[in-house]
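Residue numbering begins at 1 within each chain, and the chains themselves are lettered A, B and C in the order written.
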Amino acid sequence: MSMFRKSVAIVAALMLTASLAACSPGANPGGTAESSTPNTSEGASSLSGTLNVFAAASLKSTFTELAKEFQAANPQAKISLNFDGSSTLVTQITQGAPADVFASADEANMNKLTTANMAQGTPEIFATNILTVVVPPNNPANITSFADLAKPGVKVVVCAAQVPCGAAAKTDEATAGLSIKAVSEELNVTSVLGKVTSGEADAGLVYVTDATGAGAKVKAIPLGLDKPTVNKYPIVAVSSSKKQELAKAFIALVTAAQGQKILQEAGFGTP
Amino acid sequence: MVLLRRPGRWEYQAVPRWIYVFAVLGTLFILVPLVGMVARVNWSQFLALVTSSASLDALLLSLKTAASSTVVCVILGVPLALVLARAQFAGQRVLRALILLPLVVPPVVGGLALLYTFGREGLIGKSLSIAGINIAFSTTAVIMAQSFVALPFLVLSLEGTLRTAGQRYEAVAATLGARPSTVMRRITLPLVLPGLVSGAVLAFARSLGEFGATLTFAGSLQGVTRTLPLEIYLQRETDPDAAVALSFVLIAVAVLVVGLTYRAPAHRPRAIVVPEGIHES
Amino acid sequence: MSLDFHAVLAERNLNATISVGPVETVAIMGPNGAGKSSLIQILSGLLKPDAGQATLGDRVLFRVGPASADCSSSGTTHSARTASAASSWLSPHERGIGLLAQDPLLFPHLSVAENVAFGPRSQGRGKRAAMESAQKWLGEVDAVELSVRKPAQLSGGQAQRVALARALATEPELLLLDEPMAALDVNTAPFLRSLLKRVLEHRCAIIVTHDVLDALMLADRIIIMEQGRIIEQGPTAAVLAHPRSPFAASLAGLNVLSGALEGTSVQTPDAGAVVGRLATSQGAEFLATLGSESPATSRTSELPLASADGSMAVAAFAPSAVSVFLERPQGSPRNCFAVTVTELEPHGDHIRVRAGRLSADISPAAMAELGLVPGSAVFFVVKAAEVAIYPA
């Protein structure tokens, strides 16, 4: 009974502390104070400790694979991955979340980190992405080109202009001289893809990598633009991180040939 | 914390003092984050932020759809609560558990379930689509998503009130010659009206805050399907100030509606005890 | 309208058959859990028995369970059975049976007049006609002046009067009263009791009560139930005068000892022989000898007294006939029981001394003189002339 009471008290105290901490934005909780074995820099294989990588949701499959490769090469090291929308991640980091590396799906969100003076050095572009049209496998609206999306009666789903994929779609639309009336402007690219794979929408605009990842659940139709909007993926170590060496090693893997191969297999373009 | 002690007031409370410490902690846990958010509101820009066409469309749509889904919840939820509280049939427990499911599954799952049922390729949606009825991407879809997640709140609240009220008044009304429909209209519903109002308010509040199921099932288009929570999520991407301002509006609306209409279960002057035998165990 | 009723409900250990005449009030009494309330609930249609049937006038209220399983009910059932052999069940609203419970249960959201008009309205009468009827019945219970009030503004006695008016306003063919006075205080109960006496005069009614006064004043007949069975019934005065069950005896306030008959004495297994006089008198006459609580009724009942030695018999005597001594009295042809005092309680203006199953009434002065406390060893003495002996 008293054990139970004690643990309840602890939980309540933690809740309060957490809520108080959350409402004091100025407080930097002293970076990542968790202990990691001091780096002796005797070569890559001796790297150890846990590296927190905050990466854009579209990097989920590739970064999971990259982390596996990295851990195979450095048995003492552990990569802890946190995937979410780039804007969510950058907000978390500037509010003090214990990130060591940040990989953004666009430069705008990376700029928020550099503006906050939390980037260690200059962010490095490691991949690019362009949009593509996706339709359900049975292609109910008989879409054969980007221009078909502007036809009346076609249910097109895009990202809202406020998110990177929506901004890119707007630009590409203008480049192609089209005026698409979308039935829904989704909050993220996953929702767009979901509406197409479920057959709810006739077509959607998503990144090439999303189309590749969806496999047979969608049919991709290239935009066919000479100058499509190229979305650039920058990566950087977070300045408050205590594991700069480990972070550097991971970023090196992503930008080196080994990492690039994995990214390109997933549909990403070269920087 | 100063406890008011008026002479002539009931003095004894079966609440140990240390309980207050936890009660205060609980209160702070809810209130402090709200304060934290309100502190972030950019007041100089507030009016401009919340009166943009996107914001007003979202607010209006939210109020409209939440009101509609509350009506849907009352129409479907009152019979459901009556059946759960009064009738006795096999599988009643299972039915109750199933109806409360939207309370425990993530709203996104609810949205997916609706999508695969009423969507263009869905179980029922396919036939509807052939008949020319398309629900997805419409305001109807928003109302359906909200009703789906809010219905258990009304059913749960009303069923509790019905059980507390007991069946004795209803039994007496029946011995006075009232048919079941008359009993329901003239006795049961008036007696549980406070519980019905509370349930409807909870359903409205839940509908107002609905996000996951709406996003998954209805999509997001200004003035049609993009409700206030969706607008907040979207604004957060580019304009955190607008997101915070709109969050404040959402909270203010919720507090206003709940505060004006919600009443905690009243302390009845006389205990209503269900006589042995009438009440199912 | 006359009622014939038989029901079996295993879950409540109920198995009872009763009938009530067209203009008769029957009191049902018995200890808690005897099945009185179950019986009322089955009659009003709120509880379903395993088996049984009931007819009110020429209407079948219900017929459930194995149709031919029990033919012990009265003749009416037979004719009704030929009319419809299939099982049937009338809902409460179709039965024409009024119910007045311990709790008035006035609808809290309706005014007094609306409460009383509820029945007539439900029976399809217009709003105006129902309201007129409500005023009439409120007049019957002297509550017209309460008509605009809400139930929360009534005292317990007022609420119960309104509830009575509400039950009567439907003009029920049978009125069920389930301990209608149990929740009232001693000052308001008599008023409602006399009111009930007036309205029950020409009705078919069943009253469940714990108060022997209700049975005496309101009922023509009394039914004693114990453990779901009817163990004793008959005209009220006769049952109270010659109780055969401990419960009926306790109602009448009598001491009852049972054993084998031997001449003018009863050989009890635990208290020895009890000498008395064979009760040849009529019930009311005997009752009149019991003391101040006797009713002034003139009901009579001939008792079958042809009993042989060795048959079971009961010896009954009033607590007021018992004298209490600290030592065994000498040379007197009286019954003497050595007992230990278990309880002392005020009873009117004297003290009731309980010793196990027996009790004696003594004056406070005698009590002080004897210095009784629970545990005192005393002798209960009663004259043979005060003991009535009759066959069980």
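We take it that a residue touches a chain if its C-beta (ideal position, glycine included) is under 8 Å from a C-beta of that chain, and two chains touch if they have at least 3 such contacts.
Not measured: the values here are computed from a predicted model.
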| item | value |
| --- | --- |
| Central chain (by mean CA position) | B |
| Furthest chain, CA centroid comparison against subunit C | A |
| Geometric centre distance via CA averages, subunit C-subunit A, whole Å | 83 |
| Intercentroid distance (Cα basis), subunit C paired with subunit B, Å | 52 |
| Whole-Å gap separating subunit A and subunit B, where each centre is the average of the chain's CA atoms | 35 |
| Overlap residues in subunit C, where contacts from two or more other chains coincide | none |
| In the complex with subunit C, residue positions of subunit B that touch it | 168-169, 171-180, 182-183, 186-187, 190-191, 269, 275-278 |
| Subunit B-facing residues of subunit C, complex | 12, 37-38, 41, 44-47, 91-93, 95-99, 101, 103, 105, 107-109, 118-119, 122-123, 152, 166-167, 170 |
| Touch list for subunit B against partner subunit A, complex | 22, 25-26, 28-29, 32-33, 35-36, 39-40, 115-116, 119-121, 136-137, 215-216, 218-222, 225-226, 230, 233-240 |
| List of subunit A residues in touch with subunit B within their complex | 9, 12-13, 15-16, 19-20, 22-23, 25, 85, 87, 91, 155, 157, 160, 162-163, 182-187, 191, 194-195, 198-201 |
